[in-house]
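Each chain gets a letter, A, B, C and D, in the order it is written, and its residues are counted from 1.
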Amino acid sequence: MELGMIGLGRMGANMAQRLHRGGIRVTGFDPGQAARERMASAGVATAASLEALVQAMPAPRAVWLMVPAAAVEPLLEQLLPLLAPGDLVVDGGNSWYRDSLRHAQRCHQAQVAFIDCGTSGGVWGLKEGYCLMLGGEPGAMARLKPALQVLAPAADRGWAHVGPVGAGHFCKMVHNGIEYGMMQAYAEGFALMQKKQEFALDLAQVAEVWRHGSVVRSWLLDLATDALRDNPRLEGIAPYVQDSGEGRWTVSEAIELDVSAPVITLSLLERLRSREANSFADRMLAQMRSGFGGHAVKAANDGE
Amino acid sequence: MELGMIGLGRMGANMAQRLHRGGIRVTGFDPGQAARERMASAGVATAASLEALVQAMPAPRAVWLMVPAAAVEPLLEQLLPLLAPGDLVVDGGNSWYRDSLRHAQRCHQAQVAFIDCGTSGGVWGLKEGYCLMLGGEPGAMARLKPALQVLAPAADRGWAHVGPVGAGHFCKMVHNGIEYGMMQAYAEGFALMQKKQEFALDLAQVAEVWRHGSVVRSWLLDLATDALRDNPRLEGIAPYVQDSGEGRWTVSEAIELDVSAPVITLSLLERLRSREANSFADRMLAQMRSGFGGHAVKAANDGE
Amino acid sequence: MELGMIGLGRMGANMAQRLHRGGIRVTGFDPGQAARERMASAGVATAASLEALVQAMPAPRAVWLMVPAAAVEPLLEQLLPLLAPGDLVVDGGNSWYRDSLRHAQRCHQAQVAFIDCGTSGGVWGLKEGYCLMLGGEPGAMARLKPALQVLAPAADRGWAHVGPVGAGHFCKMVHNGIEYGMMQAYAEGFALMQKKQEFALDLAQVAEVWRHGSVVRSWLLDLATDALRDNPRLEGIAPYVQDSGEGRWTVSEAIELDVSAPVITLSLLERLRSREANSFADRMLAQMRSGFGGHAVKAANDGE
Amino acid sequence: MELGMIGLGRMGANMAQRLHRGGIRVTGFDPGQAARERMASAGVATAASLEALVQAMPAPRAVWLMVPAAAVEPLLEQLLPLLAPGDLVVDGGNSWYRDSLRHAQRCHQAQVAFIDCGTSGGVWGLKEGYCLMLGGEPGAMARLKPALQVLAPAADRGWAHVGPVGAGHFCKMVHNGIEYGMMQAYAEGFALMQKKQEFALDLAQVAEVWRHGSVVRSWLLDLATDALRDNPRLEGIAPYVQDSGEGRWTVSEAIELDVSAPVITLSLLERLRSREANSFADRMLAQMRSGFGGHAVKAANDGE
């Protein structure tokens, strides 16, 4: 099978390599020359432009997009005029499933098939394989199967056709919502153990023992164990947590569907909170306490 | 009526004055000489020791304690040997209702009546009157009535015998839990308006208009309006919010009674959060994101 | 001053009456004949159609819309062709502020001024006056002033020009978010007192005493006191809580602005939760507990 | 090595069997005859009384308690007089770590060593091995090592001496708090997917694909996959979720240590909520909405 990979960042480059090693003929494209050169030096063919990529592939083509969510729509506008009826576009990035529904419609107008693929696994996917949740038509899925079997951890597992277009990114969105909740649960638990100074717990040791036989064993815990072993006090790291969209979409979707999802929601809010400097709400609380109770307010820039 | 007031801090001194102005004969005591002198200069009689306080009052005596929760028990141990059967002790502070149950038992052994009185109103009580929730025996309550009628905003309202011993402090505990939730709701709302820069809202103006006819009008809003008028950006105030026990007790009681109280609970947690410097949980989240996704971690002490 | 009131439901009819009593010449319109007849029998002039309403008023006209959020846009499409340049439209309902920005734009094209007015006060506004938060141009606001002075609790307070178009509905949205949080805080507190059976608390009595001098006194508490007095155990009421949009918008806006608003958010989620029958999440938790721990699962339809 | 196992319920019986199969000489005791007989039929020696158990073992003895938390203290009072100085007691159940500190003190007075062992793994431990977190003295730990090596999934992992007495149960408490958070995160995510009817997702399929290569893969997910495969709609299960103490202790400990742990806390509250029938808070909210807005209240016992 032959596949074009557009977007050779962290995820796209790794996936192109895994496909290449697995016997799929991959041609990669990225607007950045350095990204293309890294790819080429890893032995994967590259094209210097979208046009060149498309021309390098025999029809019907399969092109896999691995670009930031905001880049998908403009990229499609550039790409579709270059493609031919019968070609296939896969969006393997973290797009909002509602955008994917629109993108599928746009492709449909050009008689190009569209698959939305939620991709999990992060930087470890190159070695361990990716988890792939796919939405789209069965025919398109069948064409993509050889690539999926190589990308997934094993030929018969780690990839699934979960429903019509949109379903793939929907499942990935929920997956990330759950991920936020699990991460927050671990983070709170370890923070509590770290604060319990009288037991002088070795957090890496506790994490390690939990990896074997406990109810909370998981891949995230495996990673946490490594991190705590390397840096037991997490020194040099700012308490500043980014989020990348899927959590927000999950929260928003849950509310729209009248599903109460407090833990996923609070996990997102904690990330917002981590990035709030000089919280206005907290200053207002301090001021209100002072207003009715005469409680002293801590002055700004006071040391503790 | 005659009353001894022990504890002449912010609350006790104000209450003694309000009683004094209302025609109750008050003798105040505080271990601090400065507090006693302030009281005396406000025209209220003081005693230089617990013994002197007790001796200055005719039996049966009524003594009102207005001291920090942790000070009640040792104070009772000092006071009870000085009192006589038939005397009455009122704990008007923010004691945990379970401690009050024990204190009542201790007083009962000495044939001294005990009333637990939840007192709300803060520094404004001197002028506007206090809200008083009382637990205890009807007989003791009847003896205290003249003082309650003076302390409350009006003779026939703002004080109530809500139940047996413990019920007064229980109601005050729940009152404060609700207070936490209301304050947090306002704080979040104003923080949201403050962040919406495109509307350049004048928060004091919005607060003021809400005071008249809106569903969210309240006394806390009255105070918030004043605060925002004086300091619209809440400058000079650290985002650091103390808590004083009642919120914790409310959360703990709710869990023990299998009552889900998420808003009161989260209000407490937000206060804890406001005091967390360099949150371990957040650093762990940042590190975990980096671990699986290769996301960059913000370095500690980085400016933003 | 002369005003057209479109929408004679609970809110519109009351506002028309308050305006009428205050000396404003009001003509009302509602598609429902019964609503028009109720209005007429209250002494307020009505028109039988939008066309008739517009013709009954001298230019430049001021028309106040008091209709459900979803009805504003189609209504504007009907109304604007009937209006003339220089006329004024006020949307006094609970529209999303982003819709109002669009509606203002649409009116602007027709040279019609637009004001978005957040209106609080509910069914009590007729008697006590409404709290009005207004967004729009100063000129339009000046023309509306006589009506605002009648609608508000007093001529000089309870209404405010808070900012440009959109700011009025934005403030009302946040107002309702705060309202959700306050209501939930009270509800949790009273639920906790209700569950504490050993104190046999009279909830109406506690609510009443809090109304006088306490930190949690508020208009919502006044209403809660009445409700608890009439129906101390809240019998006959299903534990089923509706929401009407503003809470969702507040939550969504807060997340978009990176403001952590956990209490307002949880208040909304609790309402969703109150309407979930046979929660899938809870069944899944029960099943998972059974899966690893062998804990018995409660069978569906089991009595307790 | 020789070990007495007291408490032959689900956990104790399985552990006795695993020890027996691993070459440890186990004598079991349970007050219930049926439990003893099941044990005997599995080939493990049993004793008919505590006295018999103690007499059957050579000094210095090691006795492992696997009983409900509330039963530990009375059991110790019975057991200690039968033991001799130099014997060792292990509490492998879900005791509160603060109780364990007291129990250790009590054993110390009798010159009996005490180890608190947090045990995770549930009904799967028999086959897969248990995760064991231990607190106590190094000497006692060394004596117990042969048993730990058999109970754990492997001789060199899955068990750890994490700190002084109390540390074992403390870590297990936090483990369970994290477990609550993870379970709630999964439950919310699957509930959201279940509600998204337009995609007609096969939840077992999604769970299965996530098991391979995804960021949320875990042992709990493995179990959830099995459960969803067997019963995709979770029919016949009541939405009623028990909790068993550790979650409460974790929440309480976090608050006491000023650690904000919102996700673990909310996970507990959701369980309380699942068991609330006819929530008073929700009825109060519905009533309050009606009070100010005239919104209709849903009557109790109304169908939907």
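As a convention for this text, a residue touches a chain if its C-beta (ideal position, glycine included) is under 8 Å from a C-beta of that chain, and two chains touch if they have at least 3 such contacts.
Owing to the predicted nature of the structure, the values given are computational and were not obtained by experimental measurement.
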Label of the chain whose CA centroid is most distant from the centroid of chain B: A
Counterpart interface for B-C, drawn from A-D, B-D or C-D and sharing over half of its contact pairs: A-D
Whole-Å gap between the CA centroids of chain A and chain D: 33
Distance from chain C to chain A - Cα centre to Cα centre, in angstrom: 39
Centroid spacing, where centroids are CA-atom means, of chain A and chain B in whole angstrom: 47
Per-residue multi-chain contacts in chain C, two or more chains: 122, 184, 186, 188, 191, 195, 215, 219-220, 258-262, 266, 269-270, 273, 281, 292
Of chain B, residues touching chain A in the complex: 10, 122-124, 183-184, 186-188, 190-191, 194-195, 219-220, 223-224, 226-227, 231, 234-242, 262, 266, 270-271, 273-274, 277-289, 291-295, 297-302, 304
Sites on chain A touched by chain C in the complex: 215, 248, 251-252, 255-256, 258-262, 265-266, 268-270, 272-273, 275-276, 281, 292
Residue numbers on chain B that touch chain C, as the complex places them: 120-122, 125, 128-133, 135, 152-154, 157-160, 162-164, 166-167, 170-171, 174-182, 184-186, 188-189, 191-193, 195-196, 199-202, 205-206, 208-221, 250, 253-254, 257-264, 266-267, 269-270
